[in-house]
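Two complexes follow with chain A in common, the first pairing it with chain B and the second with chain C.
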Partner chain A sequence: MNLTNNFNFFEPAIFELRLYVAGGTSESASALRNLKEICEINLKGRYRIEVIDLLLNPQLAKGDQIIAIPTLIKKIPLPLKKIIGDLSDTDKVLVGLNIKQVKKNES
Partner chain B sequence: MKVNFPGMSYQKEIKSLKEKIKEYEQVIFAVQNKQAFAVRLEGFSENKIIPLINTNQNYQLLLESMNEGAATLSTLGVIYYCNKRFSEMLEISNDEIIGSSIYTYIKSEDALNFNKILKLGKEIKKSEVFMLKTKKNQFISLNLSLTSYELKGVDVISLVATDLTLENVRLKESEILAKKLELAIKSKDEFISIASHELKTPLTSLLLQAQIQSRLILRNDPKAFDEIRIKLSAQQVEQLVLKLNRLIDDMLDISRINSGKLSFKKEKMDLEKLTLNIIERMKPQFLSAKYLEVKVSTSEAIGIWDSQRIEQVIVNLLSNSIKYGAGKQVSVSLSVKNKMARFSVSDLGGGITKEDQSKIFGRFQRIGDVTKVEGLGLGLYIAQQIIEAHNGKIWVESEPGKGSTFIFEIPTE
Partner chain C sequence: MAELLENKIVKHPKLLKSPIGIEGLDDITEGGIPKGRTTLISGGSGTGKTLLGISYLVNGVDKFNETGVFMSFAECENELQENVASMNIDLKKYSDEKKINVEYIKLDRNEFEEIGKYNLDGIFIRLGFAIDSIKATRVVLDTIESLFDGLNDISLIRSELKRLFQWLKDKNVSAIISAEKGEGIISRFGIEEYVADCVIFLDHRIVEQISTRRIRIVKYRGTTHGTNEYPFLIDSTGISVLPITSLELNHHATTERISSGIPDLDKMFMNKGFGKTSNVMVSGSTGTGKTSFAAAFAIETCKRGEKCLFLSFEESPEQLIQNMKSIGINFSPWIDKKLLFLISTRPTFFGLEMHLLNLYKSIELIRPSTVVIDPVTSLLSQGSGLEIQSMLTRMSDLFRSKGITSFFASLLSEKNEVDSGEIISSIMDTWIVLRNSELKNHKRVRNLYIRKSRGSSHYSNVVSFTFSNNGISIKPINEIENKKVMNLSKIQFVNESNKDLH
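Right after this comes the complex of A and B.
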């Protein structure tokens, strides 16, 4: 058991992510697909994704002050983090989620 | 004891501002790199989500130019997208439709049925007629074709709406057109049968005349060379040929009118002189139809008209009064008032019913017992075309049992 693994031990088991999209467009779908792919590879079994369609529930945008769509919010673990864009840049997403190191160590 | 550290509060604010700036930088980066496809604006009467130009512009263009309504729905019936045509069909703006539920527009009686289709989930491939409510609370009948798709992990339902009311209107229009065509073909068939009959009658008489003559010559019959008989026969032949000529002229005129080639040679002419001339020439016809009296009252009428064509009209009107006037009195009058020459022919015949009055200026129209009256039924139609080409008008005033008056007016200038 090395240091990094010890560090992982203190990490919360579940990532709670919230993805804001607008409408069932192909762009919304591709953002969700990108996120799912990243999570499956890097957080398998340790993540929960909540998709909020702002066309369906526009009032839900207020709490997280959404400016651009899509926006991904990492609610848990803290600190809260926002990642703006279609999540096509995997590295950016991993840095944003603070799991870049996790990926490095696991591989 | 409370100690205030103003510097700390500033630091907190600066930190939050820095975070905000970083976030906006991210937004700008995402927009610039086409990684964001919509922005959300706050602070207006309501928050708006504004889509940014996306890479699917070509498809969008296609969808927007479609004559069918198109929309995408969530599996719960929320409208994610709709094209211009769909919003036109419902007479509701695009903005209002997007994000609303399809059930807002479906007639409540149809909602259950629609829900059944949506519940099929991935299996949806249906085409059914639904009544949808427009902004003005009117219902329109739309055929909705619904198909479900999985778009990169998300179930989306595509909807294509065809306006059946419009379709029905088109169907009705084509039905009316078909009926008109049918009538046109029927009247043309009738015309051909009338025309062949009309042409055949004088031809038969001509043939008979010729046959008699050749038989007499063959038999060396002195009657063949009887001057009086020959003269009479020649007169009959002339009449028959003239009649054939008139019929053929009428048919030619019709084909010229149909192809817009009826031409006019307008020159200064004296209508009074022409009228009196025609009446004089037609005296034998009046007499043979047992007309004892033709009342004529004319005044000078000079204008720039096609004298041959006007003559054609007058001869036609006079021939009609001979045909339909039952041998009673015929009156002809010509006057000028307000720079309009007015010609009229009245007879005391059977008259024309209101229904027939509207038909007689049509093509191939013969009213009453058509078997008893000869002619192609083209005369009044041609007359109308001629008078209208002179910027005039022609009409009939009649009452059944009280005779008819045909009138035409043409400007003298």
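Right after this comes the complex of A and C.
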């Protein structure tokens, strides 16, 4: 497989998002709900969400330096972004994930 | 009231302790920090909080077979390893052997954004995992207050810290939490409110260019603890605190005698010399020969095959060796044989407490049977009257408890013999006064007399003494003046113990 084939500057990048939660707390649940909504509206078809439950996999917390729950990490596209909280402020999340800027550039 | 009291006694039979493994510190805390509870260690930056935390864990592994978790909010694992390497602690070895888990919590405001509600479960989960994976019983959180710098929601941090301390208790681990000292308060963010069981305060202060580290137990629920400030040292062996057990009055008196190293002087003490484990002081103004008496005593110790620790506050070892050669005393062979240990320190180098602590460490290391301090008076210029008294008492107690015979040279002119002498002499068993006197024919003679000798008979008149290549020889004073030959062995003895009965 040629890696360069997957990398196209002219096509909008796929957002790889990772959401760290701890069991079914209300913050975790609303973070996931808020994230899905934001992505459906703003990134339809070009996002991937991976949910990691640290109660099941506590050893994964160290690698991404998780302190707070919930934590959202955007690994791709760069730059890496980390947001803690239940993502209840959509505008802030869009700015935080550099989505708003992306939209501005496109228009 | 009585019921309440009874309840208390029944409910808290005895507080279990988790020993820190630093002898002096475990003395002060009567066995260590409270087991299964949280202890706060507070202090300014560079006071040794991190090192104390690491020592607690390392000693836990080495001495008590307990594993531990070090959660660092300030330094990453590599930095920590490097920092404690100078104390001869190989932290990596402990992590590799899964004895100590180091968990670094990176807090950088610039790296994340806060949007909406969150909690600090991430820390709980990581700490829990670190504890469970090696079944740790000791936990150190260094310095958890960094959370306040890294996150915006102060009230959330407070409630989460409260939850964390309760969680640690439920986990039944003994925890140390370090915090930065605040302005006029114990910790910058007042977290001592949540840690109610034990609070230890570290201090590093510089008074008149002398730096002293001190440790104090501010609070220890359910335990009587030392409330004083205790000095401590940080050096290549880590932290050491002067143990207080050595200051108890549990030493037993002995009737054994040891030679002063000067046969004529021994004769003045009924042919027997000084009492073993007693404190001997030789005082005199400058140039009266105090150091020579000290040297004779030191050499005598070595000749018996015992060790002598000679602390000089005026001369370097080289100077001392050179000067003593002139009166026929050669230190070098005894130094080579590792029986004589010359240590020179500037009195102004440390505070009194630190001198005492250093002395304690040297004694622990060398285990001498005699100690010479030359002169003790230069040490005493360091403190006030009360401090000096306490220092001397503790010093003499330290010697006694280790079975050490101590010899203090003391720079006292006849003028200040009374005031300064009083402070020092009260703890001394034997006091010999040296003097230079001028005769009518402009000749100068060296005189001495025994001013005090607790519990032993002695010759109490003034005698004269001379230095030669053969050392120090003493003659009764009448011999010079009347040109009559007198025999020292026929001198009259006074029994001090009888004289003191008033």
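Brief remarks on what is shown
The rule we apply is simple: the second predicted complex is superposed on the first by the 89 of 107 C-alpha atoms of A that agree within 3 Å, B and C clash if a C-alpha of one lies under 4 Å from a C-alpha of the other, contacts with A are read in each partner's own complex, and residues count from 1 in each chain.
Operating definition for what follows: a contact is a pair of C-beta atoms (placed from the backbone, for glycine too) under 8 Å apart; a residue touches a chain by one contact, two chains touch by 3 or more.
What you see is a predicted model; the values in this text were computed from it and never measured.
With chain A as the common reference for superposition, the partners chain B and chain C occupy clashing space.
In the superposition on chain A, contact is made by A:36 with chain B only, not with chain C.
By the touch criterion stated above, A:16 is placed in contact with neither chain B nor chain C. With both structures placed on the common chain, the touch criterion links A:53 to chain B but leaves chain C unconnected.
In the superposed model, A:93 lies in contact with chain C only, and not with chain B. For chain B, the stretch among 7-15, 25-33 or 259-267 that collides with chain C in the superposed model is 25-33.
In the superposition on chain A, the residues of chain A contacted by chain B and by chain C overlap at 22, 25, 27, 30, 54-55, 58, 61-62, 65-70, 82-89.
By the touch criterion given at the top, residues 103, 105-107, 111-123, 125-126, 128-129, 150-151 of chain C touch chain A in their complex. If you check the complex, the residues on chain A that touch chain B are 22-30, 32-33, 36, 53-56, 58, 61-62, 65-70, 82-89. Interface of chain B with chain A (complex): residues 23-24, 26-27, 29-31, 33, 35-40, 42, 46-47, 49, 51, 54, 56, 72-74, 78, 80-81, 98-99, 151-154, 156. Within the complex formed with chain C, the chain A residues making contact are 20, 22, 25, 27, 30-31, 34, 54-55, 58-59, 61-62, 65-71, 81-89, 92-93, 96.
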